[in-house]
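Consider the two complexes below, in which chain A is the common component and chain B and chain C are the respective partners.
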Partner chain A sequence: MNTSHATTWGRGFLLKLCLMALVDALGVYAVILAWSRQSWVIAAFLVISLIAANVVYFSRRMTPAKYLLPGLFFLAVYQIFVIAYTGYAAFTNYGDGHNSTKDDAIAAIEANSFQRVPDSAGYPLTVLEKGSDLAFLVTEPDGSAALAAADEPLAPAPEATFTGSKATGLEGYTTLALGDLLQRQSEILALQAPLGEDPSDGVLRTPDGSTAYAYLPVLVYDEAADNFTDTSNGDVYRPSEDGRFVDDSGQALEQGWRVFIGAKNFTSVLTEPSLRGPFWSVLIWTFVFAISSVALSYFLGLALAIVLNHPSVRGRKIYRSLLILPYAFPAFLSVLVWQGIFNPQFGFMNTQVLGGADIQWLTDPWLARLCVIVVNVWMTFPYMFLISTGAIQSLSSDVMEAASIDGAGWFQIFRLIKLPLLLVSTAPLLISSFAMNFNNFNSIYMLTEGGPLKHPTDQAGSTDILISFVYRLAFSGVNKQYGLACAISMMIFVIVATISALSFRRTGSLEEMN
Partner chain B sequence: MTSPAIPAPVTGEPLAWPSGSDTTSPEPRRGPQHWLKVAGWRHLVGLLALVFALFPIVFVLSGSLNPTGSLTSPDALFSVFSGQNYLDLFSDPRYPFADWFRNSMIIGFTTAAGSVFIGACAAYAFSRSRFRGRRAGLLGLILLQMFPQVLAYVAIFLLLMTLTEVFPAIGLDQQLGLIMIYLGGALGTNTYLMYGFFNTIPKEIDESAKIDGASDARIFFTMILRLSLPILIVISLLSFIGTLNDFMIASIVLTTPERQTLAIGLYQYVNVSFSQNWGVFSAGAILSALPVVIIFWFLQRYIVSGLTSGAVKG
Partner chain C sequence: MRTRPTLTALAVLAAGALTLTGCGGSSDTTDPVTDASTPAAESTGSLTIWADVTRYQPVVDAAADFTAATGVEVEVVQRDYSKMQNDFISQAPTGNGPDIIIGGNDWTGKLVQNGVIAPIELGDNAGDYVDVAIEAVSYDGQVYGLPYAVENVGLFRNPALADSTPGTLDELIAKGQQLVDEGKAKYPFMVQQDPTGGDPYHLYPIQSSFGATIFATAADGTVDSSKVAMGGENGARFATYLADLGARGIITPNITADVAKQAFINGEVPYVISGPWNIEDFKAAIPDVAVDTIPSAGGEPSVALASVQAFFVSSYSNNQLAANQFLVNYVGTEDVQLALYEAGQRPPALKAAAESSTITGDPIMKGLAAVGATATPQPNVPAMSAVWTYWGPTQVAIESGTGGDPATVWQEGCDAIDAEIASAS
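Here is the complex of A and B:
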């Protein structure tokens, strides 16, 4: 009999009821919040999730879903969505200068293009404050007062109080003293108070806090024709395919917007000279780094396991407890410690081991590559030692005995029997280890930051692997290229997935799954 | 073709370090010369490996006790002893080490507990139920493992920028936001491993419990989870270490110094005038590593068997 307990009253059910009430309360609150901020997509996603949760947990069936749902929720948002978004961004020109939508770009261009009307008369100005918002109180040429703020176009202020002929105060507002003016200088200089409802009416700005001038936009947007006109020389800027406003001579306005550019990010990696060179050398080095890290640490670990795993060696447990230390020591700390060891002036390597040598361990391209591998081998060989020891101890001794009775030597037994058996049983772990090292950001970035760079303007350094190259493109460069970074991320995914799929298929480790 | 021998996923017994050969009595004594030939060189190799393995750790321990506190005075190891660096570590307001330590522990423990729970639930469903899309789900999880979250961190950053506007509590510069990102990776990294372990727990146990009237939830919480407790602890530890080690995602999410983690904080320590900060950094490194190393040592026999069945340190 398989009765479901989903709605049978009992302690478990009450507990579930309380938990679901909590989830629903939080969920409804979140939906309302998302709705009020006009985030329709988020609100819709939350509504669907909430309905799903209630259906699943109060249903008498759908037992598997009850156990899968919490994980699936987080997976959907923080893994599947971000992967999909990475895939989407890879086909756009997202990055500095193309950060947002076209409407945002138009607004930004207009806001940045105000210039003082040449030879226009200034308005005597008093800066006021209401709450923390600033406002401009100006005296018009006819002697009357008018008020303008960032979101309030200029309007007459008949209640203003005057000092001499200059309007200096208004009820409900505080007049800023000189000290306050100085303190909030940058805010005051940045304030653009519109002269009318239409942006083309211009704005009031002040260069000094005591006089305001009329500023007019140099670039005027024409909605019907969808172009910008430069009022100073009559140039017309039209939207281009790559998401910018460009004039006839090819000059583009700085602020652009995000557009689909097809596979351009992928092709430019392979064709554009400034990217192609770095990309291929980074790709090759990524393979060299990942393969040699795994291979060297595996053979070091295996050799140690074979040597120490012998009945005549006493204290094997002590060896194991101590050799496990580099593995137990948090990896990011290990890398930073090694950075200190390799410091050319003060590091232990130069001052103590080599007696005052002056070797540029981390700034010479080839030495830096060597160091990165040494450090990585240091961090992984205990792991390889542990799994090799486990694998050796699970080998059946019958085959070995049979071989030695047949007259096989020690080395023959090792090479023809032990090694193949060990490789087969550890292969899945080696593949995972390779996949992990392929994206081993910490080992590279914390030791060398991917450097040394041959030239300061280079796109990639000598020890950059693909993932640190992506980081450089997206976050540490002068020009952030999110789209390009996402495209390379997708390429890494394809490479790692292909290699892993092929090798798992070869080792047949997925056959067990029924 | 014979199917390859994959290290057996842990069953109740092999959880212990296979110690069979340790208990066999050593070969009869035949004098020191024979010992040298058989075991002596092995110890020599072992000692060399120990030197390679331990010297960076000895180096940082020595540095942490040296009160001159810099790399610029290249003293021999352990020439001076002082706790000054450890005191300095907690007194510099620019580098709030105590905050980083607490943050790392909170984020690490929450993530470890949450992600093991989420993963265990999913693994239980895959192991014990047969439902449509089960095989596709398992394959999907393996595929997701190939796409670690670090690859998507540009998208994660942009997602969090959007979330900041709607739900500031889980947006940028929020530890809860970071924990939720880590939980998103939980299903991909842990489920398949635990699925293997749960499969080794005989189904007859659930079935007899079911006949006795136990609900699914009861079987899961009081039997499956209890029987696999050692391996759950190992996976939590590995998840904790993975979180502790994460620099990339943590550094794009957390920006206020007091909210950052050890990985970001200690990296900045080293990045800014490394040679002067060396002593204090060493003290911080020792204190940060201590909890992990101690737990590791206590659990090593479980970890070893957990490793051989497929967990890779992240």
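Here is the complex of A and C:
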């Protein structure tokens, strides 16, 4: 009994060896892949995970870890990483115009600033090679050939050979075929061959390897001084603290980069009037929505579960299958259908059920709130029905029988015995349902988009919960502000985590009671 | 004790399987052929293109010919149109984005602002495209996309109900109302809207006929996107007109895209403002469906918004040379543009293709092109995000009559847009 399966050569060990070999092979492949893409963090994480897996599964001890490790691995990938990344982004100005690194921004500004020299011709081009150096052989508009390279300004090349009217070869140089062009495309695209000794003459560049054009850069980057100069008017753009190049008049270049901005995203939530104003009413509605969704769907599901668990009900299996349908139906589709049902002019509710009534289901603030809850309950009660059915079936009937012998009525049995027993097993699920509904972006956004708005320029609509309010705030302006969205998401995370932690502690005491 | 090795084995197996599927997912984007023959993606010049469901197949077909001619492998990945722009902006800098994406011209400004697309040099071929298409993909003096289709709305008419389109929108509505009174139709005229977002795109021909254009355009064609130009007196006249149509139940937020489309297909409405995306379904129900220019409501010519579909090259691509070859020398040819038209029913952007008998011989295309001839490109500046945020909800408030005086509501909407634009710069 004391010999562990960890190292004895039994069947189990061989199977484990094979599986671990497979995991290691895949892991090493993934590490190489991450390494080659220079994703150091991912590579390091994979190396640590692989070492941990091998240590745990080949060790004689660490039995609990053998069960926990796969779970911990996926917890790290799908939860901890996401939360950590959100936390990191919350302290940056990540968003439109601050999309990547400073180097990327400089490259983008340079690439966008090459303006075609006005009225200049396109030069038919052949790319040549001498040693490892590249050169452009172009055919001038007058039909003569000329040669240019990175450090050689454009000069006539009378010895060039022609194919038709296009210069295609030159002695001492090798003509590159399409395949060669594609092999070296980054170098060819980067090549800037000067048109003359004077830089203001411009440069020849090619976008596709078959035609070259004359360009002049409008913005020139000075690496030593770390600034851009506008060649048309001499303006100098210097890097600013918020990750942009700004000139003396405050005008900024469009492409910026991501920088840390400290707690600015968090403080702006607390100080900006457009955020502070509707925040409390949105918070209250979020609680009302989450609590009523969970409570109503739970009691509806529980009631149906009790009824359909009664032995005297016929065709219980059919009813149960039918009740699962809303759960099995894709939420996106059911919400679309509900939207159609509630259409005041053409919807089923007004035209058929209410015989031509004119009730503004989704545009009246209170009715819209009601509709959102009704639809959400409709979508979630089958889940509650399922877990309640399971919990009821696991209750021992002895206690109930004893109670009824003692003279308890059915409601007393339900309230004093069944419900507390059921809550022990279902309360954790109710808490997670609450956490889910607290952030139930889809239900709100698909049905009402957070609306109706009391006024079209309002920042929050009547059915906006915190997360849809965040979406509206961070993404409604000119620029998407991912950093701000992350900051508010972190705050919501803290609220939900606190409530969940407190509730779980409470269910712990519920268990002790039994 | 006995169950332990089995459980452990199962857990490891599950972990292995999940890792396996994870790896499979990530390698989807690289071409299997290139993967096998050469390790570095750059050396052979393979292209990855993101396209939505409607362009997927025609691009695959066009790419097959390109591969045959040049040996450059092309892999087309189908993506959800609504998510493509944001996914591309966030993934391009990581090096995992595609070489080319196909999207709307209204993306241009956002993509440039985030540094994810490179300019395209059309050289002397720029004149081969219809002007509105080049204007639509130009930003800050550079051309950023290769346009392949120009789409705009038009007035779809059911000839069984109405034999012609009157000269003004008021006359059109009166004519439709007469059909309703005679019991031949249920509704006089429809423009699709949405209960929360409205639909400024479909309403724009009506709005523009009051002179309330989105931005002011200077004489040299540059657009002033620092503030909107749709407020003021012209905007007030449009708002009052829209409020009146809303009160009469002709244009309401409840007439969703589905409602309008179904009503037209069922022959319940003689006129509807719609676009090329509905041609197939309309033709199936009404084979002789006609497309007319949209009559003016406010006295000035009614101008539709042209949305131009274009190919953009990623600035992070290692295969830009191959990408430019594919676009300029291949997608920009009459054959490919016509093939894309056949598959997607969107009028081509290349003049030679747009003027070919395939297009001019089709009365629906001819009708849409007549509207397109005066259409203005959908603005591609980043400021449009703020415009869309308030534009639709303001129209919804006016149509449904909530919020009081329509002219005031409209001006407040315009002011809110201006404030957003000002706060961003």
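Here is the rule we use: the second predicted complex is superposed on the first by the 262 of 514 C-alpha atoms of A that agree within 3 Å, B and C clash if a C-alpha of one lies under 4 Å from a C-alpha of the other, contacts with A are read in each partner's own complex, and residues count from 1 in each chain.
Everything below uses one rule, namely that a residue touches a chain if its C-beta (ideal position, glycine included) is under 8 Å from a C-beta of that chain, and two chains touch if they have at least 3 such contacts.
Keep in mind that what you see is a predicted model, and the values were worked out from it rather than measured.
Peer 1: What's your read, chain B or chain C touching more residues of chain A?
Peer 2: Counting contacted residues of chain A, the larger count belongs to B.
Peer 1: Quick check on the superposed pair: does A:L362 touch chain B, chain C, both, or neither? Answer first, second, both or neither.
Peer 2: Second partner only.
Peer 1: Should A:L178 be classified as contacting the first partner (chain B), the second (chain C), both, or neither?
Peer 2: So A:L178 only meets chain C here.
Peer 1: With both complexes superposed on chain A, which partner does A:D96 reach: first (chain B), second (chain C), both or neither?
Peer 2: second
Peer 1: For A:A34, decide between first (touching chain B), second (touching chain C), both and neither.
Peer 2: first
Peer 1: According to the stated criteria, A:G12 is in contact with first (chain B), second (chain C), both, or neither; which is it?
Peer 2: Both chain B and chain C are touched by A:G12.
Peer 1: Touch test for A:V424: chain B only (first), chain C only (second), both, or neither?
Peer 2: It touches chain B, and chain C stays clear.
Peer 1: Does the superposition put A:F45 against chain B (first), chain C (second), both, or neither?
Peer 2: A:F45: touches no partner chain.
Peer 1: Where does A:F346 make contact in the superposed view: on chain B (first), on chain C (second), on both, or on neither?
Peer 2: Both: A:F346 reaches chain B and chain C.
Peer 1: Touch check for A:F299: first (chain B), second (chain C), both, or neither?
Peer 2: Neither: A:F299 stays clear of chain B and chain C.
Peer 1: Which positions of chain A sit in both the chain B and the chain C interface?
Peer 2: 1, 5, 12, 30, 33, 37, 63, 66-67, 70, 74, 339-340, 343, 345-346
Peer 1: Show which residues of chain A lie in contact with chain C when the two form their complex.
Peer 2: Residue positions touching the partner: 1, 5, 12, 15-16, 19-20, 22-23, 26-27, 29-30, 33, 37, 57, 63, 66-67, 69-70, 73-74, 96-97, 99-101, 104-105, 107-109, 111-112, 114-116, 121-122, 178-179, 181-183, 185-186, 188-189, 206-211, 213, 254-255, 339-340, 343-346, 362-363, 448-449, 451-453, 455-457, 476-480.
Peer 1: Looking at the complex, which residues from chain B come into contact with chain A?
Peer 2: Listed in rising order, the residues are 1, 3-8, 18, 20-22, 24, 26-27, 35, 38-39, 42-43, 45-46, 49-50, 52-54, 56-57, 59-60, 63, 70-72, 74, 76, 117-119, 121-122, 124-126, 129, 131, 134-135, 137-139, 142-156, 158-159, 162-163, 165-167, 180-181, 183-188, 191, 210-211, 215-218, 220, 241, 244-245, 247-248, 252, 262-263, 266-267, 270, 274-275, 278, 281-282, 285, 288-289, 292-293, 296-297, 300, 303-305, 307-308, 310, 312-314.
Peer 1: Sort out for me which residues of chain C touch chain A in the complex.
Peer 2: 1, 4-9, 11-16, 18-20, 23, 26, 42-45, 70-72, 86, 89-90, 93, 95, 110, 112-116, 118-121, 123-124, 140-142, 195-197, 249, 252-256, 258-259, 315-316, 318-322, 324-325, 328-329, 382-383, 385-386, 389-390, 393-394, 396-397, 400, 402-403, 409, 412-413, 415-416, 420-421, 423-425
Peer 1: Tell me, which parts of chain A touch chain B in their complex?
Peer 2: So the residues of chain A in touch with chain B come to 1-2, 5, 12, 30, 33-34, 37, 39, 42, 63-68, 70-72, 74-75, 77-83, 85-86, 89, 303-304, 307-314, 316-317, 319-334, 336-341, 343, 345-348, 351-352, 378, 381-383, 386-387, 389-391, 393-394, 421, 424-429, 432-433, 435-436, 439, 441-442, 445-446, 467, 470-471, 474-475, 482, 485-486, 489, 492-493, 496-497, 500, 507-513.
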